[in-house]
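Each of the next two complexes has chain A plus one other chain: chain B in the first, chain C in the second.
Here is the complex of A and B:
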C-alpha cells in the first residue's frame, strides 16, 4: 500500500481581488522509504501542496476545493483538528526553507527539541532530554551546544537543529521545503549527505520540494514537475532525466548553464509564469510553449501515460498528436 | 586587449567590537576591456565588499585601484561623482534596490536627471524609451511601480538604470540569484548581449558556480576575505588546483543522473574574518593542512601560465 496518496487535490486562495487557483487537480503517490522531488518555480504551488498535506494553510483565504489526501489509508482532510495535531510532528514532519525563522529565538536549542518530543510522546522529562541529546548527536552537533540559543548557530547548524527536531519523533513522512536553499554550496552538500544517511537509517519517506534539478538528481527516486499549480510531468528519476517530454521540463533544463558543456547562449523559456488568478485557457503553458498549436489554446490536456509510470500533460502525446 | 581595471593589494577592514574584520584582505587582479571577471565564494567571503570597494562605494583601507589608467583610490568630491558615470553597479535584490514610490520611467530617468544629461523632458523620455527597449522592458510599463512587476522585470529596471549613463564598467552583484531559473537565463542572455553590443566590462559577483562559468572569462575564488585561486574560467573547471576550489566544485549538485558521484564533501564551516591568524585562511577545513599552513600565509603565485593559486602545498597536491 502507498504511504501517501493524493487524489485530485485543488487548493484555491479566495480573496477580495479574486480567486487564485494555486493547486489544480494534483495526484501524487509515495511508497514507504521513497523520496519524491517536487520541482517548479516560484508560484508553481509546491509549498501550498505541502502545507495542504499538513493542513497548515490559513483558511480563509486558503480553501481546499476538492480532493483526498490519503495517509496510510485515512483521509487527512476528514480527520478532526485534534487528531491532525497528533499526526503533525509524529507521523508527518516538516522542514522549512528558512532555518533562521523556523526556530524560536528566545528558547535554548535543546529545550526546543525536547518540547517536540514531550508533546508527542508519553515519556518523562529525563527521557525526552536523553532522546534530544541522541538527536543532536545524530545530526552532528556537539551535545554541549544544547544550552545555546539559535543566534549562536550558523545557518547550516540551525538547519541541522531543524532537521533534528523534525526527525525527533521518527516520522514516517518528512516534507522538506527547500531545505538547503538558504545555505552555501559546501554546507548544502554536508546537509544533503546527512539527510540521505538519516533517511536510509530511519526508513523515512520524503517529499523534497526544490527548484534545483541538481539536488533532485542526487536525492530523489521520483520526480513531479509542477507548473501553474498542475503537475505537468511525473515519473521516475530515470524517466524524467533521460526522456524529457514536457516542453516546460525541456525549458527548465535548457535554462541551467552547464558545468561541462560550452554553450554560448542559454535557451530560456520566453515569457513569465501566468497569474494564478487569470490562468490561460487550454494548456496553462501554451503562451510560453514553442510547440503551441491552435488546439493547445482551447483544449486542456489530460495526463498521458507515455511509458508505465511516466505521465505527461501535453497534447503532443495525445492520440492525434502522435 | 587593453587593461581597464587594475587592483593592487586592496584591503578593506571594518572595525567591530571584537576587533578588525578583514572583509577583503590583500586582493590584486586586472580586468581587460570587454571581458568579465567572475568573483565566486560563499557568503561572508568578501566578494560583495570587493565589488563595492572597487567602485569606491566603500573607501579602501589600503591598496590601489587604477581605472582606465587613472588612480581612483583617493579621489573625492566632484571627481568621484563623475567617476560614477563610468562605473556602475547592478544590485542583487531587485525588490529592495528600487524606490517603491518611483514609477519605472522615473526610476530609469533618475540618473539622467542627477547628471543633467538630457536638456528637455522630451529628450529624457526618448532616452528612457531607448533604454527600456535595450533591456527588453515593454513601453507599456513606463508608468508602473516596482511592486506591480515581477522579479525579472524589476531586475531589468536595475540594469536600465546602470546603463543609463553609458558606463564602461559594471559590477554585477549577484544579479540573478533572486530569480527563477527560466528568468535567470533571460537576464544572463541580456547581460551577454549588452556586453557584445556596447563593449561593457563586468565584474560578476556570484555564489552560483554554473552561472559564473557560463558568463566569465576569468574567475577569482575568494575565501574569508582572501583570494585563493584565479584562472581562465574553463581551465578552473577542468583543472582546479586549490583544495578549496576542488571542494567547492564537487559540492555543486549536477542536474544529470549519469555523472558518477565522487564527492569531496568539505567538513567544517567558514572561519571568522575577525582578526584572522597569520595562517592560510582555509587550513582549518583543508584535508592537506600541515604545520606550515597553520603558521604562514601562503604566497599568491602563478603556478601554471595565467593560473594563480595561494597554497603552500599546491605543487605537492597536484603533482606539478
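Here is the complex of A and C:
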C-alpha cells in the first residue's frame, strides 16, 4: 500500500474578485521511504498542495473542491480537526521555507523542540528533554545551545533546529517546502546532505518542494513537474531527466545555463504563468509553448503514459501513441 | 583510560551542563536586564517607596487623615505638618499618603479588569477572525463611540460611589482600546511562520494562543498597562471631582487636588503636593514600563 495517495485533488481560492484555480486535478503517489520532488515556478500550486495535505489552508478563501488525500489508507479530508491535530507533527511534519521566521523568537530552541515531543508522546518532561538533546545532536548542534534563543543562531543552524523539530516525533512523511531557498549555497549542500542522511536513518518519506532542478537530481526518486496547478509531467528521476517530454519541462532545462558552452544570455521560457483566475482554454501551457497547434487551444490534454510510470500532459504524445 | 572516561561521562556531563545553564531562568534574565537599566531602577525605586508609604501609612504619618483642626487651617509646611494643612486644618501629608491607597488600588484594579477583558476579547477576535472578529469588534466599536469619561460617569452614576465600583466604571471604558491593541498585535503575530509551524506540529488553538502568540504580545500589554495606571489615576480624580468617585472624607489624590482649586492663588501646598504625587507616580510607572519592555525582549540582550 502506498503511504500517501492524492487522488484528483483540486483546491480553489474563492474571493470576491474571482475564483483562483490554484490546484487542479492533482494525482500523486508516494511509497514508504521514497522522496518525490515537486517542481514548478512560483504560483504553480506547490505550496498549496502541501498545505492542503496538512489541512493548513485558511478557509475561506481556500476551498478543497474535490479529491481525496489518502494517508495510510485514511482520507485526511474526512477526519475531524482533533484527529488532524494528532497527525500533524506526529505522522506528517513540515519544514517551512524560511528558518528565520519559522521559530518562535521568545522561546528557547530546546523548549520548542521539547514542546513538540511532549505534545505527541506520553512521556515525562525529563524524557522529552533527553530526546530533544538527542535530536539536537543528530542535526549537529551542540547540546549546550538548547537554552539559546533563535536569534542567536545563524540561518543554517536555525534550519537545522527546524529539521530537528520536524523529525522529533519520527514522522512517516516529511513535507519540505523549499527548505534551502533562504540559505546560501554551501549551507544548502550541508542541510540537504543532512536531510538525506536522516531520512535514510529514520525511513521517512519526503515531499520536496523546490524550483531548483539540481536539488531534485541529487535528492529525489520521483519527480512531478507542476504548471498552473496541474501536474504536467510525472515519472522517476531517470525518466524525467533523460527523457524530457513535456515542452514546459524542456523549457525549464533549457533555462539552466550550460557549464561547457559560452553563452551571453540565458534562455528563459517566454511569457508568464497564466492568471489562475483566468486560465487559458485547452492546454494551460499553450500560450507559451513553441509546439502549440490549433488543437492545443481547444482540447484539454489528458495525462498520457509514454513509458510505464512516466506520465505527460501533452497532446503531442496522444497522437504519437495512436 | 582518559578517553573512555571522557566519552563515558558524556551523557551526564551534558546533563549537568544543561542544568547549569537552566539555572539562568527566563525571569532571572529579565530581572538582571532590568537591574542594568538605570532609568528603570529609578522608576522601580519610586514605585517601591510609594507602595511602602501606602502600606505603612499609619507608621509614617503623625495625624489621622480625617482629623480637622480649625485653628490650624491653611498652614504652610513646617516641622509639625511637613506639607501643611488644608482648608479644614487636616494634615496634607497624611491625606496624601492614605489617598495613595485608594488611587493606586483603584487604578491597578481597573487596569487589571480592562486588560483581562481586552486580552480575552482581542486575542479571540484577532486569532479566529471572520465572523467572530466582526461581532466582537462591532460591539466594542459601539462602546468606543461613547467618550470614556462620559461612560465612566454613566456607569458610576448607575453603580454608585466607592472604590470597587469606581474601578469597574473606569475599566469598562478602557476595554475597547486594549482589545483593539491586543487584536492588532495578535493579527500581526499570527501571520508569522512560527505560528503556522506550531499549527503544523499539531498544537491546538488554545496552545497556539497561550504558548506562541500571547507571550509575544506581552510588550504592548505591559506598556499599555503602565500607561493605563497613570491615565486611570487621572480618571478617578475626574470622577471624584464631580462627586461620583471616592467620597470625602476618604482622601484621594484627585479630590484633594480639586478641593484645593479655589485657593490656588493664595495657598499653593494643596495643589502642588497632590500634583507632585500624581506626577511622580505616572513618571515612575512609565519608566518602569519602558524598562520592562526592554528587559522582556530577548533580542536586546547583550
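To be clear about the criterion, the second predicted complex is superposed on the first by the 311 of 322 C-alpha atoms of A that agree within 3 Å, B and C clash if a C-alpha of one lies under 4 Å from a C-alpha of the other, contacts with A are read in each partner's own complex, and residues count from 1 in each chain.
Rule of thumb we're sticking to: contacts are C-beta pairs under 8 Å (C-beta built on N, C-alpha and C of every residue); 3 or more make two chains touch, one makes a residue touch a chain.
It should be emphasised that the depicted structure is a prediction, and the values quoted were computed from it without experimental measurement.
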item: Fit or clash - chain C, chain B, common chain A; value: fit
item: Which partner reaches more residues of chain A (counting touched residues only), chain B or chain C; value: B
item: Which superposed partner A:85 touches (first chain B, second chain C, both, neither); value: second
item: Once both complexes are placed on the shared chain, angle at chain A toward chain B and chain C, C-alpha, multiple of 10 degrees; value: 80
item: Which superposed partner A:250 touches (first chain B, second chain C, both, neither); value: neither
item: Which of chain B and chain C A:68 touches, first, second, both or neither; value: neither
item: Partner chain(s) touched by A:300 [first = chain B, second = chain C, both, neither]; value: neither
item: Which of chain B and chain C A:31 touches, first, second, both or neither; value: neither
item: First (chain B), second (chain C), both or neither touched by A:127; value: neither
item: Chain B versus chain C as contact partner of A:118, first or second or both or neither; value: neither
item: Partner chain in contact with A:221 - chain B first, chain C second, else both or neither; value: neither
item: Superposition-derived minimum Cα distance between chain C and chain B (Å); value: 11
item: Chain B and chain C contact sites that coincide on chain A, given as residue numbers; value: none
item: Partner chain A, residues of chain B touching it in the complex; value: 42-43, 150-152, 180-186, 188-189, 192, 207, 209-211, 213-215, 234, 237, 247-248, 250-257, 261, 263, 265-267, 269-270
item: Residue ranges of chain C in contact with chain A within the complex; value: 14, 17-18, 21-22, 24, 130, 192-194, 196-204, 207, 211-212, 215-216, 298-299, 301
item: Chain A residues touching chain B - in the complex, by the definition given at the top; value: 41-42, 154-157, 184-190, 192-193, 211-218, 237-238, 241-242, 251-260, 262-263, 265-270, 272-273
item: Chain C-facing residues of chain A, complex; value: 54, 56, 60, 85-90, 93-94, 96-98, 101-107, 110, 115-116, 119-120, 129, 133, 143-144, 146-147, 149, 151, 162, 165-166
